[in-house]
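Both of the next two complexes hold chain A, though its partner changes from chain B to chain C.
Right after this comes the complex of A and B.
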């Protein structure tokens, strides 16, 4: 176990180091002056360590101070707004995380039970229905799906709002950045209405992202359940005369859930891409919307920092999930990452 | 003179024949293949089928609905967009751009991925470790981020979008090839070949590659569907193909401004992407299970 932990810690550290180097290199690859790309402006008195970076002539010393500035939260300022990037990103990142977390939760909540249902009726009618519909579901282009939902549910039926996180009528003070948490801890009037309103804003974006993830989880779970039911130990349990429920809870459930976690880890980067696309369509004030805006405005410091931060979050989440699934199931002799 | 044993001979289909026999057992897969063939034919022959050019603006026929609508016109079967460009023609050209750019992307990513995967699979130690670390970062970074970085450095355009998506696809081919090569290298027939004096290049070209072709075809097919989704998404976000090019994602983005009065401008291109991806997924899935099951019958 210790070896696994050290191994994954090591891997994560190396990956993060390469990412930081990449983001440092990006300032040189982007058009324009590297130092301006790094800082955002020429002079930046509010960010002393990042200023030190720009005064170095040796590239290794530059990198050394760049890492320190990153750790100190001095990430430069945006070309477009002139505001420090650290504040911007810390305000936007929770919104993206919130959307992703809800989407994954919804996808898992529906995908796994239905996957079990399909796997237990392997190659029967219900399984075929689930398989064909999941095939249809993951063939949807996510941006088209989001547009369709807006067209049908927001514009035609007028059931749900089509953009933003919360109606402008409510003024919720910023606390954690997660809108539902913010509303719950705040002491504004009409708390319940605000909460309902935020939920209504959440439904469509969450659905668009969860739709595709759901299909993937359904298929994985179904495959795993079908495999487990064909294993010898299930046959022997049946021969011993154990009731179906005992077999299910004691043998099938745990073994079939094992492959779900690695798949979740693999899906994270696809999921983040989808979240970012959906954010732009629903004007969700998250990091994806902001990054795509930054590219239209050629806001290089914003792109560099945003890219670094999103990939760091993705790497850390993926690596922890991989590590946990390795700890839960040590027989899984598959190091999907950096296998020697 | 006839062979006396003619009727006692068993029919032994070739591997390809066995796959096809298994594949056509599944009617859905055949149906998917038919749709895919239609798309490919349209993509190749589209310019010949349509009387218009994709950029011709019929200024007296703006936003005409499809022909089955009361206000539709038979001159423009699927209607026109806000600039009076014929929808059907643009769909033909759009299919061409999107489908062929995806196929090209996957083909390049596949060649590159297999080459790197073989090196990673046959080498040990530091070199293998280095390749793997770099690839993991590519694999872990969301496709859209890679695309944003490449667009920021090189500017927008279909080629740059293809480059970004190709980069994002390479790791999956590398992983697949590496795992396959590792597994095969331990098998007896490779050891025999090695004892016969074949070097690693020869082992790969004459022993491993022929066994890997089917795997590559299945994975490549499924990767094309991913590439179509990503290329059209980048086109939609205005990071890939630019407005003048009739790419399906770009067409959806163009249709957004008139979505209230002309919803078919976003419905039809989206439907084409959806059907294209769906048929490729169905064919890929059918191919995979046909390859898996063909030896059991």
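Right after this comes the complex of A and C.
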């Protein structure tokens, strides 16, 4: 257990180090003065950044000060707004996380049970229906799906709002950045209406992200369940005369869910990409929308920091999921090492 | 009394749109209180028979049989629940590969405890019932010869060696006190001492508890020591079956003869430095099965008729399928 933790910690640390190095290098590849690209300003507020710009340092020391500045939250200043990036990002990141979390939850809530249903009826009618429909869902480009939803549900039917997080009528003070939490914590009037309004705004973006993730989870779960039902140990449990419910809960459930978790970890990066696209389309004030704006405006410090932060989040989530799945799966390291 | 009666069991597998008969008119009966050996080369379909009896075949494989009955009840047409009840109490199966037949993600303890039939469990409250399950499991595990039960029972299957897992399989099969034990190569990979111990346990249960055993193995020596009767399988066809003694003395089918001759310790009058007898060629793959008697191309006595499937004939409860049997004059 401790070896696994240490191994994953090392892996995460090295990956993050490489990411930081890349982001540092990025400033040299962008046109213009590297230091300006890095900081976005000439006004130097703090000690590490001061050292970074001093003429006596070489590139390695510069990198070291850059890391220090990153850790201290001195991420530079946006070209476009002139405001510190740290505050901008900390304001925007929760919105993105919120959208991703809801989308994953929806996809898991529907994908896994339906995947079980399909896997248990392997190669029967219900399985074929699920498979073909999930194939169609999987093949949808996310941006087109989002546009289609806006066109049909927001513009034609006028059921749901088409952009933003919350109607402008409500003024919710910033607390955690997660809009639903903020509304619940705040003591504004019409709390219920605000909450409902936020939910209405959430539905379309969540659905369009969850759509593809749902198809992936459905297919993965179905495959795992079908494989487990084919396995010799299920047959042997059946020949021992165990009731079907016992077999399902004691043997099928765990063995089928164990391979799903690593797949979930792999899906995180795709999911974040989709969230960023969906944010742009729905004008969701998240980091994706902001980053794409930054790219339009050639806001180099913003691009660098935004990319670094998104990739750090993805790496950390992926690694922790991998690590958890490794820890809870008693069979996973069966072939990893020779017997001790 | 016959407890398990199989007549003309055929198992067809579809491969590339062609139906292949993996088992072709297999017949097998097991009397009450009998140890019957099922012998054949690897790939001859022994395990398929075991899985067909226990119902552990993939649903897309087609099983047809004139008779597949347990004490007169048709196993093929039975509902799931009825079959499950029979498998729970009357028939126990030990599968060939213990590592694959045990759930890799559950501790052996859980798997062992859940195989204890609820009829044997005493006590009203869950902790009493748990203790009862545990003590029953301990007894049976001790019986099959696991030394440090406490250490083994809390492990996952992959943390233990294959022969201990195999013993757990045996214990799980025996804990329901079945009438018929189907043992598919139960002593594979075990050392000689352990093997003897297990076989002795089977023989003892056969004598004291009237346990009938269908013993599937290659190990002719072990079989001849314990089995009462034997069925020989070649390429999914039963070639001969009968009492052990009669078959040893006068095998009727050329394949049985070849099988017996291939084990040197089985023919005591073997001269030093004499040639070991073996049939030419190898067992054909399922894609290239010969028509008629499947031994045909390898058989020393084969003739033109052998492309027709020989019908089953029987002399003194000794059945065989061959156009040109051996030793017939002397029977």
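Criterion: the second predicted complex is superposed on the first by the 318 of 340 C-alpha atoms of A that agree within 3 Å, B and C clash if a C-alpha of one lies under 4 Å from a C-alpha of the other, contacts with A are read in each partner's own complex, and residues count from 1 in each chain.
Just so it is clear, contacts are C-beta pairs under 8 Å (C-beta built on N, C-alpha and C of every residue); 3 or more make two chains touch, one makes a residue touch a chain.
In this text, all values refer to a predicted model and were calculated from it rather than measured experimentally.
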| item | value |
| --- | --- |
| Contacts of A:29 with chain B and chain C, given as first, second, both or neither | first |
| Contact breadth on chain A, by residue count: chain C or chain B | B |
| Which of chain B and chain C A:258 touches, first, second, both or neither | second |
| Partner chain(s) touched by A:148 [first = chain B, second = chain C, both, neither] | first |
| Partner chain(s) touched by A:135 [first = chain B, second = chain C, both, neither] | first |
| Partner chain(s) touched by A:240 [first = chain B, second = chain C, both, neither] | second |
| Partner chain(s) touched by A:307 [first = chain B, second = chain C, both, neither] | first |
| Common interface residues of chain A - those touching chain B in one complex and chain C in the other | none |
| Footprint of chain A on chain C - complex, ascending | 51, 54-56, 58, 60, 84-89, 91-93, 95, 97, 100-106, 110, 114-115, 156, 158, 169, 172-173, 176 |
| For the chain B and chain A complex, residues of the former touching the latter | 28, 124-125, 128-129, 132-134, 136-137, 139-145, 148-149, 151-153, 175, 178, 225, 229, 232-233, 236-239, 249, 252, 256, 259-260, 263, 266-267, 270, 273-274, 277-278, 281-282, 285 |
| List of chain A residues in touch with chain C within their complex | 123, 230-233, 235-243, 246, 250-251, 254-255, 258, 329-331, 334 |
| In the complex with chain B, residue positions of chain A that touch it | 11, 14-15, 18-19, 22, 26, 29-31, 132, 135-136, 138-144, 147-148, 151, 155, 268-270, 272-273, 276-277, 280, 288, 291-292, 295-296, 298, 300, 303, 307, 310-311, 314-315, 318, 336-340 |
